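Multiple structures follow.
After this come two complexes, each holding chain A, first together with chain B and then together with chain C.
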Partner chain A sequence: MSELLALLFFPAGLSLLAGGLVYEWVDRKLVARLQNRMGPRWYQPLADIVKLLAKEEVIPTGVNKLLFVGLPIAALAGALTSALYVPMFGLAPSFSFPGDLIVALYLLSLLTLCTGLAGSNTTNTFSLVGATRTLTQMFSYEAPFLLTLLGPALAAGTWQIGGIDAYAQNHLLLLTQPIGLLVALIGLMGKLELSPFDSPEAETEIVAGALTEYSGRGLALFRLGKNVELVIGLTLVASFYLGGLANPLEFLLKTGGLLLGLSLIQAVMTRLRIDQTVGMWWRYGALLVLAQWLLLIVTQGTVS
Partner chain B sequence: MIGGAGMANNLEDRWQQALEQVKTWARANSPWAIHFNSGSCNGCDIEILATLTPLYDVERLGIKLQGSPRHADVLLCTGPVTRQARDRLRRVYEQMPEPKFVIAVGSCAISGGAFQGCYNVIGHIDEVIPVDVYVPGCPPRPEAIIDGVAKLLQVLQGTEVTKPL
Partner chain C sequence: MATQEKGRKFIVPIGPQHPALKEPGHFEFTVDGEIVTDATVRLGYVHRGIEKATESRSWVQNLYLLERICGICSHIHALAYCLGVEKLAGVTVPPRAQAVRVLVAELERIHSHLLWVGVAAHEAGFDTLFMYSWRDRETVMDLLEALTGNRVNYSANLLGGVKIDVTDEQSDAIWRGLDFLEDRTRHYLDITTSDSVFLRRTRGIGVTTPEQAKRLGLVGPTARASGIWHDLRVDAPYAGYADYPITMIVSDTGDLETRFVVRIKELFESYRVIRHILDTLPDGELVTRVPRRIKAGETISRVEAPRGELFYFIRSNGTDSPERIKVRTPTMCNMASVLALAVGHQLADMPMILVGVDPCFSCNDRTVVVDQGGARGGWTWEQLRQYGIDYYRRQP
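After this line comes the complex of A and B, so read on.
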């Protein structure tokens, strides 16, 4: 039985990787078009990944070899595992148990954690600064992001992703919790280190951040992990706030719409300094979400 | 039995060939570049930056400027090599993972150009590291730089027969 499940999951894993590449291309293409450029060809992300996989992997001196090789694998594995609990492509989640929302969110954070550890594992100064920024950013967006995804859970009265999705299909949470959607979307950008929040990998300041020393396979795995996380994050937000994901068509439309929003923000915003990022999250993000929570709890108390 | 072994070998060969083709395709479609100035007057560097602007949009060819030598496939070198820059140039080159390629951009990178014979200049790029493509000009236009990269990719794919570089 378990072998059967593994076999069933394997193509799903492959399709998820392929989906990640497609979403990366759509994102890059949209940003390019918004900047009045042609943008990359449709197979660009695939070519990048294959090339990186075929390249030599340099293991620099002064690193812990086991960690250096293992961290990218752990990062990708974490991202892929969390897909098990999420209604990917509008299909029902493969696994489900009460409270799987928390597990999925922590598995999603594994990528960021691994990136930070990978950066601090090397002796490169740029990597160290990048790792510090990555972890700092994680501590700033993680709490508001978590709170925004718990808002729908609170409204639905269950912490099971499938249950929240079913609830959201009948209640458009976009209307009742608009702040949540906004903060969740921006939190997702922080998680993926997209444009206004890309100071952890600011190429004009610290080369490539935590992944400066990675070449070849390790870099490819981290990139894949990030792509997978983009798809999963979009799925979660779309499922919770945009009225659930009942079928693949809805999945495509809703995540595509969200991706357009992400690209728009990326194209029009410039990079924030790391202290501005932290300040923004704690001063506005967290407070706004908490206010919405309070409202939610009060209204729920009076309604029921 | 012998025939069977031959078949297996044949299959393996074909598999290897297919794998090589995929690798070459990926390499030719995703050249990530890093730019290093080993003593140029900045003219060539400005042209390289102009190449990366939305007007020329090299992302449509898969070219991307990388900050870290570890991520790069193509080293864009400008200027002559000065005494101070020699070790840095060599180190940047050695930090890049295989397979790696070097494009010398500008007359100075090719021959020492205007800086030939200066007391602080060692000479041109290929006295320090092996160069695959030379892009002449003082400075070369962005179109010429893109053409240099495209030539490199053609050589990679074996579609252009060139004299040994």
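After this line comes the complex of A and C, so read on.
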């Protein structure tokens, strides 16, 4: 019974969806203010979702209907499920087992994978280009992002998110692994396709990228999934690098601070081309993380 | 995408309805992966038949019609028309009117170039620069509104002069506005030449050599960014430009970054000239009398629009309306370079290359009949009418 409650209402489920909408609004508002615009009103993300859910879902010709309808559901489900293993809102994770970090990270990648599949499922040119770019981008940021989140795990000596969080509360990993924090934050932006990593959905080239053919319910679910992933990603980074999440207040402050950082980067950056994105990740991102790892292994070896 | 069936091309269509284009034009880019291998264009979605319409209106009415060819550079169209008609009529426009014409033309250039900086930045995904440059552009829009009463289609020209005067208060307001804009423009020049991420999208992209520029017949800032020394304000001064000389901004690098630099530096030149005009505005009449019927004859007039050379051919048969007016807009000349540059570049660079020439679609749209049978010559009015009727009958 309590599992069902956790899944449907708190900390996953409805409360997480609401949280995702709030975080989307904060992000949009911050970027808008940085760009000298007014930005949306607080209920705009909710209004968008309600409108999309009420709209007719047009299924284009030439697609596999089951995939077209099922992929958005899988994407959102994956994002919501991974929330169960993460200390959402500063509370202990609902479920926990040794090695749940890997499971949570793979569940998070499900959204990107579903977006790519959804794009290649249609016959739309923009969708196909977008899907190619989405998947190309995933292969570039995914490995460095995974490695940065394994850095704290290595330091804590456990691959259990709850355990790492507890360790981080006593050790500020921001100081010992500064590169990790930077790469994790930028990796999160790659995952969420935020500027400057928004070439998979570059509107001036390929309209809306992989999701061009989606309208109505499918688009709403994909957007909700992305919002949820924003919250989870911020929670993970804050928990691992900013000294853990002991209570809801810390959660709000730390994830809010990270969100401000994300908005700043988004506002000052130009969109990178997909080849530049890939080049940047493998040339700098991956090498930086590997250097960090080497340092970690050496120090761990000498300390213990 | 490279895994598509062999022999079948993968074509990415941009337009006629596309977020990259605010006006309808249709481009088809054949891509291999992300690399563009072929490009074609189809124009004509917003053809309005203005040239034909001028023949049924009087000389004065045409002033208002021709001003509406372009929403961005409306003043320069009216100016080119006025200069041509005045030449035909053999009237001399008072110097104060000529100076005011240059003043409005340069204010218009400022608003057009600032608009372009924003649009080009948006195409590269740098929306912050877009928002800021458009915010600052409002300053010059307000100045134009205070001066002429309108934000666009200022309608400052009359045949034989201008209908607006510059008061001392307006002069002060323009000074203040220019001080603000000059400060901001310096900031934009700094950003577009030093922001490393932005430079990755502009430096070395879409390089047009001087030879290419000459062969493709480029005009305006696009040509000047490719080392072509051509600016009608300098080469063939019209209106008041003989009294208020301009320094030509030329650079021969030819990439997208240079196009930013040339246009932004032209802004400084505009600020300088406007201040010069305000300082030394000659006294005198604003308008001189032009007869209702223009003497028979034909003439051309050329002016430097914000986008490049604008060309008018005007023929009069001695009545109160023209016999033929032919307009060649700068976008028409520059469009070929988009297709030539596209091949070999990445799909992601296409919006930037396209916008790099500062296209204005409604200006350049015209009907072209391609007759592959080899017959030469145009269509008569009757043939055109019949074609129109048949075309709409064929529609489902």
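The rule is short, and it goes like this: the second predicted complex is superposed on the first by the 292 of 304 C-alpha atoms of A that agree within 3 Å, B and C clash if a C-alpha of one lies under 4 Å from a C-alpha of the other, contacts with A are read in each partner's own complex, and residues count from 1 in each chain.
Everything that follows uses one rule, which is that contacts are C-beta pairs under 8 Å (C-beta built on N, C-alpha and C of every residue); 3 or more make two chains touch, one makes a residue touch a chain.
Just so we're clear, the structure is a prediction, and the values are computed from it rather than from any experiment.
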| item | value |
| --- | --- |
| Partner chain in contact with A:275 - chain B first, chain C second, else both or neither | second |
| Which of chain B and chain C A:58 touches, first, second, both or neither | first |
| Which superposed partner A:39 touches (first chain B, second chain C, both, neither) | first |
| First (chain B), second (chain C), both or neither touched by A:219 | first |
| First (chain B), second (chain C), both or neither touched by A:207 | both |
| Contacts of A:47 with chain B and chain C, given as first, second, both or neither | first |
| Chain B versus chain C as contact partner of A:28, first or second or both or neither | first |
| Intersection of the chain A residues that touch chain B with those that touch chain C | 35-37, 126, 203-204, 207 |
| Sites on chain B touched by chain A in the complex | 22-23, 25-27, 29-30, 54, 57, 59-60, 62, 65-68, 70-71, 73, 95, 97-99 |
| Chain C-facing residues of chain A, complex | 34-37, 125-126, 128-129, 132, 195-196, 198-199, 202-207, 267-276 |
| Residue ranges of chain A touching chain B (in the complex, touch as defined) | 28, 32, 35-41, 43-44, 46-48, 50-51, 54-58, 126, 203-204, 207-208, 211-216, 219 |
| Chain C - residues contacting chain A, complex | 1, 10-14, 18-20, 31, 34, 121-128, 131-132, 135, 195, 197-198, 200-201, 346-351 |
